[in-house]
Each structure stands twice: as structure tokens, then as C-alpha cells.
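See the structures that follow.
Next come two complexes built around chain A: one with chain B, the other with chain C.
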Partner chain A sequence: MEKKLMSGNEAIAYGAYLGRVRVAAAYPGTPSPEILENLVTYPGVYAEWAPNEKVAVDVAAGAAYAGRRALAAMKHVGLNVAADSLFYTSYTGMQAGLVIITCDDPAMHSSQNEQDNRHYARFAKVPMLEPSYSEEAKQFTKLAFDISEAFDTPVLVRSTTRISHSESIVQMEEPPSPTWEELPPYKRDPVKYVMVPANARRRHPIIEERLGKLAAYFEGLDINRIEMGDPALGIVTSGVSYQHAREVFPEASFLKLGTVWPLPVNKIREFASRVKRVVVIEELDPFLEEQLRLIGVECTGKKIFPILGEFNSGLVRDCARRGGLIAGEAAQEAAATAPSPPLAAELPPRPPMLCPGCAHRGMFYVLQHYKAVVLGDIGCYTLGAAPPLLALHTCGCMGASIGVAHGVDKAGCKDRKVAVIGDSTFFHAGIPPLIDVVYNKGATTVIVLDNRITAMTGHQDHPGSGRTLAKEPTVDIKIEDVARAVGFQKVDVVDPLDFKATRAIVKEHLESNEPSLIVARHPCVLYAREFKKPYQIDPEKCNDCGICRRIGCAPLIRADGKMAIDQLLCIGCGFCAQICGRKAITQVA
Partner chain B sequence: MTSHKIDFLMAGVGGQGTILSSDILAEVGMMAGYDAKKSEVHGMAQRGGSVETHVRWGEKVYSPMVEQGRVDYLLGFEMLEAARWWHFLGPHSFALVNRYRINPPAVNLGQARYPEPEELEALLKTNQATVQWVPATEVAVELGNQALAGVILLGALSTRLAVAEEVWLDVIARRVPARFVELNKQAFARGRALVSS
Partner chain C sequence: MSVLNIVIAGVGGQGNVMACQIIGMAAVEEGWQVSAADTFGVSQRGGAVMSHLRLARGRPYGPLIPAGEAHLVLGLEPLETVRVLRRYGNQQTRVMVNTRPNYPLAVLCGAAVYPDLNVLREAIGAHSAVMVEVPADRLAAEAGNLVTQNVVMTGALAGSGWLPLRLATFERVLASLFKGAVLESNLRAFRLGVAALAPEATAVAGV
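The block that comes next holds the complex of A and B.
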């Protein structure tokens, strides 16, 4: 069979397909969306975007209860949302395999916090597998279904950004049989599946016993592998850390763990007895290190390698040198200690920013104009917090904006204030707090920035986009209808790239004393490919007042001491032309 | 480090097409018989921020990321973004840099200065690396689409690697939409010509 370059996420999807997954559900959180985007392309697999991760796990659990292998995928913080469901599935078990993929994001490339989801395996008393590259991502996902069924437990597979979004070579395999046996009638087993206290109490000892059996099974599993080299140094590691460590310690002995919970305690002890010194190399928390200490294996870990951020081989090498694990190479030492040229420190940063032509910019410009306190949420629009807009003042987690705004209101804050939330985020976790505002007689204004797609994570469909994951047309749930249905009476829709209309509606809502909601609707320009002729600035008319600079649109540049528009970057949204008092900005003919 | 290892780093601005180019580069490595790995980070909005992609070819590649001081080839899609990685270069390194400027926000706000190309070149040469400028975006615009700059850079890079031109062209044909294949092949040839003459 041929080989193919695959990202970790593609390989997870391929492994699930080879493992005969039938139903998959996910909410697209970075770095996880490509798992379902790939899975939906395989024959015989049903895959859907769920409005949030909890729903995704419930859907997968239902399919597994009914007797079909099922998968749910999410980013690390998505598992916080789905934690309730993870815990009950741990107790109930299932009729067919249930695999939950968690994609952690060390270094927070696109996340609000750094979180080590290995703790969830221990917390929920379920096994966790951790691949180190794409081929293992395929194998481990497939294996996870077998383990799930053999031990009647959901299985967590943990990836990280550098697994999910790195490509490496994967061996292609024979496709599974395209035919499916008919599903038997639903198996009713209330003692196992109805988690009322009396039943749950019966289940708990079974869960504890299950962990013991899993640990025994993992002792002999070849994905927990001792690779003997020089016995002077023994490295215990897993995930992508294994790869970085292999670069830095080509001669050392390794215990590469494919299962990070429960741990193969005897194998760890055996490894420790065969080497002189044990060093644990793991990103984020000292999870393995603490467990090694608990079983009496003396080791070094976080004393040498940081608890913060993401590893790479350069960082592992530097730490190892400082920690005395490797001798410094003279040339490397010299390079590491040589002073940086002064210019290096002066290079202007280039943080993520709203795209040229992004309609969110229109709303933030207006909110900045009214000096509103903006209780924000998770999405592209969080970038409204960046200079020069500086128009978003909190961002915590999916759906937090509306509840936080209601709390600010109930505290008696007199500032003008609004909650700002994206369309996909609204469907994810924005509806219960919307109900809270009405139910508890709040007066919060909610602005839903509806760009018709889950933009930040790469343009995934959602319940308001009118299409499913499989790109089939479906009901397009209108945010304004949801707001009216729960009791909002003041509801308006506006195009945020229409400056005057947006300014008028926002003013009216800010001044009202009732709960109100504005849907600021304009499709993501990148997704709709709304690329028009660029605009230009007439240098004769421009008096360099600086107003256009305040919207922070990349094509608006300074060239030769004057404002100008970069013709290659401008996509022709025309918002800057609307705010220019001198009418100096016009579209190129 | 074995001599069979080739480490590439691509740096640019979100939206310039670094990911497509690195997909092509990684697959060319695999087709040429190397173990190949690629690593990128995306997901924080779509346009305008710094982006970098790592590609590694070798007999056996472990880490998907390149290491400071050890990069063999730096492909700069934008001048400032290339210069940011000066410390990843060493005396053996070769930097191919698109002579193209995109102002970061602080420059547009008048709060920072965009360094002169000569200064950026000097920074890239701090550790005795070789630097070659390529007018990739200029040629891409001439061909009718600025997104071709990446393939032009790959064309320029290909002259320095012992991989047959057909392998590159095959991978490009597989990776770009059918209606753009000829244009991309043309861009690749222009890139080769830019450095071979």
C-alpha cells in the first residue's frame, strides 16, 4: 500500500475510519476541526457539527449505546464543556466503542488558557492514549475503539497542536468492509445506564476495577516501549515531547509511553531499574513525574524542563545543557550567549489582526465611538481588543459575554455596556445566558456579530449557516428569531459595514432600558470571497486627520509621510471611505 | 547531525500562502525518498499575523520543528518576517527572501519603523548566512496573481536541491486547483530562472 503525508488530525480521522467509526460529532475548536472535516469524507461515516462539545459527546454516547462505534472531537477547553458527559459515560460504559479526542494547545496558539487534559483521564477514571506523530495517531485511534469495547469504557486520545497540525508519513491500509450488519434492537439495561444514585453506586466499584484491569493490560501493550540505549540516562516521555527528546538525546535510553493513564507501573519500574538516572520530559504539568514519584521512582522533570508553553528540540537542548544532562557544543554555546544585534529587538511585531475588509471592524469602530464597555467572547472578533480599536474589554470562554454583561449590569455599573458574541459562539453557549437576561429582568444589550460561519477556526458551518458538515442544505436558524422566542422585544438586524445605519441602531440600543439584541450581519469576506476593486486615497483631499487609521485595517498604510491604500491588500469593503470626513477615499475605477 | 538532513523554515504574513507552499515542499521531500515532516500553527484569524511553517527532510526525522541555528533554507515571503528568524540561521544557511513589504500595524500607526531592506539583510547575515533577494511578488503580480509568489520562491529554491524538476511539477499539479496548474508551472519556471541566470 502507498504512503501519504497526513496531519495528525487527518490521521486521527483515517484511524477512526479504519476502526469502523459510524457516528462522529464535534465542535470545531482549534487545533481540532480537521478531524471531522476529514472524517465526513469517508464512506459509511456519519459526521456532524454539534453546537457545542457537550452535545457532541452526548451524540457520540447515544450512538455507542445503540451499538455503533462513535467518536467526539474537541479542543482542550472543549472537554471542560463536555466534562459532565465524559463523567457519566465513564460510569455507564457503552455497547460499542466510544472514543473522545482532546486536542490540547500548549503555548496557547489559539486558546484562552493552557490546560493539560491528561488530568481528565485520571479525574474521570478513563484510559488515555497519546500518539507522537501521524502514523501513531492513526494506529492509536483505531486501537482506542478496541480498548473501549474490551473494557467497556470511553477512551480519550490526546493530541496537541504540534501533533494535530504537523504532517508526517502515514502507511495506507486496506479499507474496511463497506457493508454494515443490521443494528440489533436497542438493549435496555437500566441498572447500567440510568445513573440514579442507587445504580451509580453499583457502577463505581466496577469503574475502579476497570482501571486495574486496564493498567495490567497496558503493561504488555507494545505502545509502551522501552528503547534501550546508553543506560546512563533514561528518559520517560510521551506525545510530541518524545520527538524533541529523540533529537537531543540520540544515545539515551527511552521509555516511550503510548498510554498515559492508567500507567504501566511495572514497566516504569523495570525501566528505572535498568538505567542510572531517570528524567521525565513532558509538556505542561508534571503529570508523569508526579506519578513516578508516587510509585517510588526517583526522577527529575520540571526542575529542568518548563511547566509553561510548548517544547521544541531547541528548548529541550537548552534546558538539558543548563541542567547538565548534555555537554555544550562550543559553537552552540557561543551562538547562545552572543549578543543579539540591536535591530533584532526593534523589529515591529505583527500580531494577529482583523482581516482587511472584515465587517467586525465596522461594529467595533462604532462601539469605540460610544466608549461602550464591551464584554466580549471567543472568535475572530476578540481581535477587536487590539490597538487601534481597543474596543473589547473581556474575553473568557465560549458564551461568557452575555452572562458577564448581565452581571456587570446587576452590579449597578452605570457605563454604557454591551455583550458582543459571534454567531457560532451564540449557538454554542449564548442561548442560556440570553434567557437569564430576560428571566431576571436585565437590560443588557447583546450584539451578535453574525458573519454566517465559524470563521476563526477555518470556516466551519454551524446551526445558523444553512448547511451541515456534509455541505447539505438545512434549516438556517435565525438568531433574531431565537432572541424573540425567548422574550427579547427589541431586536434589530444591521449590516456593520453600513456605518451610518450601525451607528444609529447601536445608539438607540445603548439608550434603551430593556433587554435588546442587535444582529450585525455581514458574511465573512474571506468565506464569501467578496473581493471588490480596491480603494485609493486622493492626496490632494487628504488632510492627514488620522481617522481612517483608527480602524486598524492593514491596507491603510503610511507611505512617504502620507496615508495611502496598499492596492494588493485592499479588498474594497469601502468602510474607510464612509468615515472619511474629506471624502478623500474612493474606489478605483 | 547527518548531512542527509535538510531543514526549511518558511516565514510570511497570514494570507500569503505559506501553508500551500510548505505542503508542496513536504510532499516533494517524501516523493524524493526522504522521511518528511511539516509543522505549522493556524487558527487565530486568517489574515495579517506572522506565520511560520517548518519543513524537515531526512533519513529519519523526529521533531516536526526546526531548531535555532540549524535551518538550511529560510524562505521569506515578506522581508520583515524573514528577518525575524535571523537566529535560526548559521554559516551554512541560505535565505531566499521575497523583496516585498507588508507594514505591521504599529508601522501604519506611526509607532514603529519598518527597517530598510539593507538593515534586514545585515540582520539575516548576523551568523554568516547567505542571503538572496527574489522579486517573487513582483513577478507574481506580473503573472496576474500575487498568490503565485510562494511557487515562485519554491522554483528559486528548487535550483539548490538535488530533486528532479518533474517531481516538483508533479506535486504542484496535484496540490493546486486544476485550472491553476499551468499558471503555477509557469510561476515555478520563472522562479527557477530568477536565480539560475
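The block that comes next holds the complex of A and C.
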């Protein structure tokens, strides 16, 4: 069979397909969305976007209860949302394999924290597999279904950004049959599946026993592999760290762990007995290191390698040199501190920014105008926090904005304030706090920035976009209808690129003393691709007042000491023309 | 050389990931061990992005290139080319750079100044052995679509002779990735890139 270059996410999807997964659900969170986007393309697989990760795990659990192999995928913080469901599935087990993929994000390329989800495996008492590259991502995901069924447990597969979004070669295999086997009648087994205290008490010892059996099985499993080299140094590692460490220590002995929970304790002890010194190389928390210490294996880990951020081979080499594991000067560090040839100019940083023509800009410009405190949320619009808009003042997790705004209100804060949340985030976790505002007689104004798609993660559909993951047309749930249904009486819809209308509606809502909601609706420009004729600045009329620079739109540049519009970048949204007091900005004819 | 380290640098939206994928797929087809790492997510919104691509014979390498160890840098934007060179470049690094600037937010709001192109050229020179400039915006416009600047640059790199890969392989990869009119404009962009570089490539081939 041929070989193919695949990202870790593509390989996870391919492995799940080879493992005959039938039902898959996910909420798209970076670095995980491509798993379901790939899985939906395989024959014999049903895959859907769920409104959030908890729903995704419940859907997968239901399918597995009914006897179909099922998968849920999410980013690391998504597992916080789905934790309740992870824990009950650990207790109930299932009728068919259930695999949950967690994609961690060391270095926070696109996340609010760098939590280490290996702790969840220990916490929920379920096994966790951790691949090191795409071929293993395929193999381990496939294997996870067999483990799940053999031990009646959900199985976690942990990826990280550098596994999910790195590409390496994968061996193609014979495709499985796409035909769905006939299901037996639903198995009713309340003692196993109804987790009331009396039943859960019966299940708990079974879970403890299961961990012991898994540990024994993992002892003999070949994905926990001793690679003997020079016995002077024995490295215990897993995941992407294995690749970095292999590059830096080509001669050393390795214990490469494919299962990070439960650990193959005897294999670890055996490895330790065969080498002079044990060093643990793992990103983020000292998870393996602490477990090694608990079983009495002396080792070094976080004394040499950092707890923060992600590794690369250069960093591992530098740490190893500083820690005396290999000879030589820490080159990267030397390079970083050595006087690099001086630059004749500063290099301006380049953080991400709202796209040219992005409609979020219109709402943030108005909120800045009213000096409102903006309790924010997670999505592209979080970029409104950056200069020059500076119009977003908190961002914690999905759906936090509305509850936080209600709390600020109930605390008696007299500032003008609003909650700002995106459309996909609203469906994810925005509805319960919306109910809280009404139920508890709050007066919060909620602004839903509805760009009709899950934009930041790469334009995935959601319950308000009118299409499913498979791109089939479906109901288009209107946010204003949801707000009215839960009891909001003051609800308006506005196009945030209509400056005057937006300013008037925001003012009215800020002044009202009742719960209110504005849907600021304009499709994501990158997705809708409605490119109109660009705008231009008449240098005769422009008095260089600088107002247009306050919206931070990329085409508005300085050229020859004057404001100008880059005709290649401008998509013709016309917002800058509306705020120009001199009427100096006009559309190219 | 046991591994060839290529860094592709640019701005979110310029097609870094696609350029990386095209070269990576061509390398796989020619039997190389390939590992690549891309920037996704929040960074793609006009932020600095970078792809690492490593071609090896024998065992595969990890996805990330250590500081100071880039053999080739494909720069889709001049400022970003300097930024990655200061971290990944060395006196042997070869650089191919698109000369069209793209201004970061701080420059747009007047809080910072975009360095003069000659200053950037000098900085590239200080961290490399060879620099070749490509007017990718002009060539992409000639190909009929400005968004193909990344493919122009990929063509230029393919035509430079710096990669151990055949031009025909690249064209096969493009044909597997695109269809119809999109394929046509990408092929035009790729060939214009190749043609732009061919004479200079012969000149530096002896370096």
C-alpha cells in the first residue's frame, strides 16, 4: 500500500476510520478541528459538530451504549467542559468502543492556558495513549477502540499542537467495510448504566480493578518500548518529546511510553535497572517524573527541562548541556545572548489582527466610543482587545462573558458595560447564563457578534449557520429567537458595518434598565468572500486627523507621509468612509 | 547532509501552509522522509506565521528546526523573513524572499515604523549566504490571481536548484491539489516563479 503525508489530525481520523468508528462528534477547538473535518469524508462514518464538547462526549457515549464504536474530539480546555461526561462514562463503560481525543496546546499557540490533560486520565481512572508522530497517531487511535472494548472503558488519546499540526508519513491500509452491522436490541442494564449512588458504589471497585488489569496489559504492549543504547543514560519520554529527545541523544537508551496512564510500572523498573541514570523528558507538568518517584525510581526531569511552553530539539539540547547530560555550550542560548549583528531599525512585532473588512471592527469602534466595559469571550473578536481598538476587557473561557457581565452588574458597578460573545460561542455555552440574567432580574446588555460561522478555528458550521458538518442544509437557529424565548424583551439585530445604526442601537441598549440583547450580524469576510471595489482617500480632502487609524484596518497605510488605502488589501466594506468626518474616503468607481 | 531544514515565513493568510504542503508532498513523492510543522489558529489572522519543513534520508527528524539551523528560508514577506532569519539563519543559509511588504498592526496605527527595504536587505545579508529577491506580487498578478504569490515563491524555490526535487514532481502535486481554473492559475504562478529564478539559479548553483 502507498504512503501518504498526513498531519497528526488527519492520521487520527484515518486511524479511527480503520478502527471502524461509526459515530463521531466534536466542537472545533484549535488544534483539533481537522479530525472531524477529515473523518466526515470517510464512507460508513457519521460525524457531526456538537454545540460543545460535553454534548459531543454524550453523543459519542450514547452511540457506544447502543453498540457502535464512537469518538469525540476536542482541544484540551474542551475536556474541562466535557469532564462531567468523561467521568460518568468511566463508571458506566459502554457496549462498543469509545475514544476521546484531547489535543493539548503547550506554548498556547491558540489557547487561554497550557493545562496538561494527562492528569485527566489519572483523575477519571481511564487509560491514555500518546502518539509521537502521524503514523502512531493512526495506529494508537485504531488500537484505542480495541482497548476500550476489551476493558470496558473510554480511552483517551492525547495529541499536542506539534502532533496534530505536524505532517509526517503514514502507511495506508486496507479500507474497512463501510456497511453498518445490524445492531442488537438496546441492552438495558440499569445497574451498569444508571449512576445513582447505589449503582455507582458497585461500579467504583470495578473501575479500580480495571486500572490494575490495564496496567498489567500495558506491561506487555509493544507501544511501551525499551530501545537500548548506551546504558549510561536512560531517557523516559512520550509524545512529541520523544522525537526531540531522539534527535539530541542518538546514542542513549530510551523507554518510549505509548501509554501514559496507567503506567507499565514493571517495565519502568526494569528499564531503570538497566541504565546508570534515568532522565525524564516531558513537556508541561512533571507527570511521568512524579509517578517514577512514587514507584521508587530515582530520576531527573524538571530540574533540567522546563515546565513552561513546548520543546524543540534545540531547546532540549541546550537544557541537556546546561544540565551536564551532554558536553558543549548551550548553543541556542549562546546564539540568543551573543550580539546578533545590530539592525538599523526596530523590527515591529506582528500579532494577529482583525481581517480587512471584518465586521467586528464596527462594533468595537462603537463600544470604544461609549467607553463601555466589555466583558469578552473566545473567538476572533478577542482580537478587539488589541490596540488601537482596546475594546475588550476580559476573556477567560468559552461562554464566560455573559455570566461575568451579570456578576459585574450585581456587584453594583456603575460603569456602562456589555457582554460580547460570538455566534458559535453563544451556542456553545452562552444560553444558560442568558437565562440566569433574565431569571435573576439582571440588566445586562449582551452583544452577540454573529458572523454566521465558527471563524477563528477555520470556518466550521454551527447550529446557527444553516449547514451540518457534512454540508447538508439544516435548521438555522436564530440567536434573537433564543433570546426572546428565554424572556428577553429588548432584542435588536443590526449590521455592525452600518456605523450610524449600530451607534444608535448600542446607545439605546446601554441606557436601558432591562436585560437586552443585540445581534450584530454580518458574515465573516473570509468565509463569505464578498469582495467589493476597494476604497481610496482623496489627499485634497484628508486633513490627517487620524480617526481612520483608530480602527486598525490593514489596508489603511501611511504612504509618502499621508494616509492611503492599499488597493490590494481593501475588500470594500466601507466602514472607514462612514467614520471619516471630511468625507475624504470614497469607493473606487 | 543528513537533513535539509527549510523555514517558510510569512503573514497569516499568505498561504504558508499551502507552500509547505506542496514542497512536502513533492518530497514524499521522491522518497524523502518528511516532517513538517505549521502555525494554525489564532496566528492566522494577519499574525506572523512560520512553517518548518525537514527532508531527510533514513530516519525521520522531529517537526521543529533548532535555532540557527535553517538551510533554506522561503520568505513570503520581507520583515517576517528577517524575523525568522535572526533566529534560524546562519552564514550558510540561502534565502528566497518576496519583496512586497505587509504592514503589521503597530505600523498601521502609527505606533511603529516599517523598516526601509534596504535595512531589511542588509539584515537578511547578515544572516545568510545568498539572497534572491522575487517580485511575487507582480508575477502573481501576471498569473491572474494575487493570492498565488505563495505558489510563485514555491516555483521560484523549485526553479532555484536549491531543492533536491524535480519540477515535474511539483506540477504533479499541484494537479493533485487543485482542479480546473484554480489549477490553471496555480500552474501559471508556479511556472512564472520557476522562470523568474532560472537564470539567477544557474549563477548561484556554484556557491
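The rule we apply is simple: the second predicted complex is superposed on the first by the 576 of 589 C-alpha atoms of A that agree within 3 Å, B and C clash if a C-alpha of one lies under 4 Å from a C-alpha of the other, contacts with A are read in each partner's own complex, and residues count from 1 in each chain.
Here is the rule we use: a residue touches a chain if its C-beta (ideal position, glycine included) is under 8 Å from a C-beta of that chain, and two chains touch if they have at least 3 such contacts.
Bear in mind that the values here come from a model prediction, so they are computed numbers and not experimental data.
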{"item": "Combined model on chain A where chain B meets chain C, clash or fit", "value": "clash"}
{"item": "First (chain B), second (chain C), both or neither touched by A:Asn52", "value": "neither"}
{"item": "Which of chain B and chain C A:Leu354 touches, first, second, both or neither", "value": "both"}
{"item": "Contacts of A:Thr89 with chain B and chain C, given as first, second, both or neither", "value": "neither"}
{"item": "First, second, both or neither for A:Ala345, with chain B first and chain C second", "value": "second"}
{"item": "Partner chain(s) touched by A:Gln115 [first = chain B, second = chain C, both, neither]", "value": "neither"}
{"item": "Interface residues of chain A shared between complexes with chain B and chain C", "value": "3, 5, 30-31, 109-110, 133, 161-162, 165-169, 240, 243-244, 246-247, 312-314, 317, 332, 335, 340-341, 343-344, 346-355, 380, 383, 386-388, 456-458, 549, 552, 554, 556-558, 568"}
{"item": "Parts of chain A lying in touch with chain C, wherever the complex brings them together", "value": "3-5, 30-31, 109-110, 133, 161-162, 165-169, 240, 243-244, 246-247, 312-315, 317, 331-332, 335-336, 340-341, 343-355, 380, 383, 386-388, 456-458, 546, 549-550, 552-554, 556-558, 568"}
{"item": "Complex contact set, residues of chain C against chain A", "value": "11-13, 21, 24-25, 28, 33-48, 60-69, 79-80, 82-83, 86, 102-116, 119, 122-123, 126-127, 137, 146"}
{"item": "Residues of chain B touching chain A in the complex", "value": "13-15, 23, 26-27, 30, 35-50, 61-65, 67-69, 80-81, 83-84, 86-87, 90, 102-115, 119-120, 122-123, 126-127, 137, 141, 146"}
{"item": "In the complex, chain A residues that touch chain B", "value": "3, 5, 30-31, 109-110, 133, 161-162, 165-169, 240, 242-244, 246-247, 312-314, 317, 332, 335, 340-341, 343-344, 346-356, 380, 383, 386-388, 455-458, 526, 549, 552, 554, 556-558, 566, 568-569"}
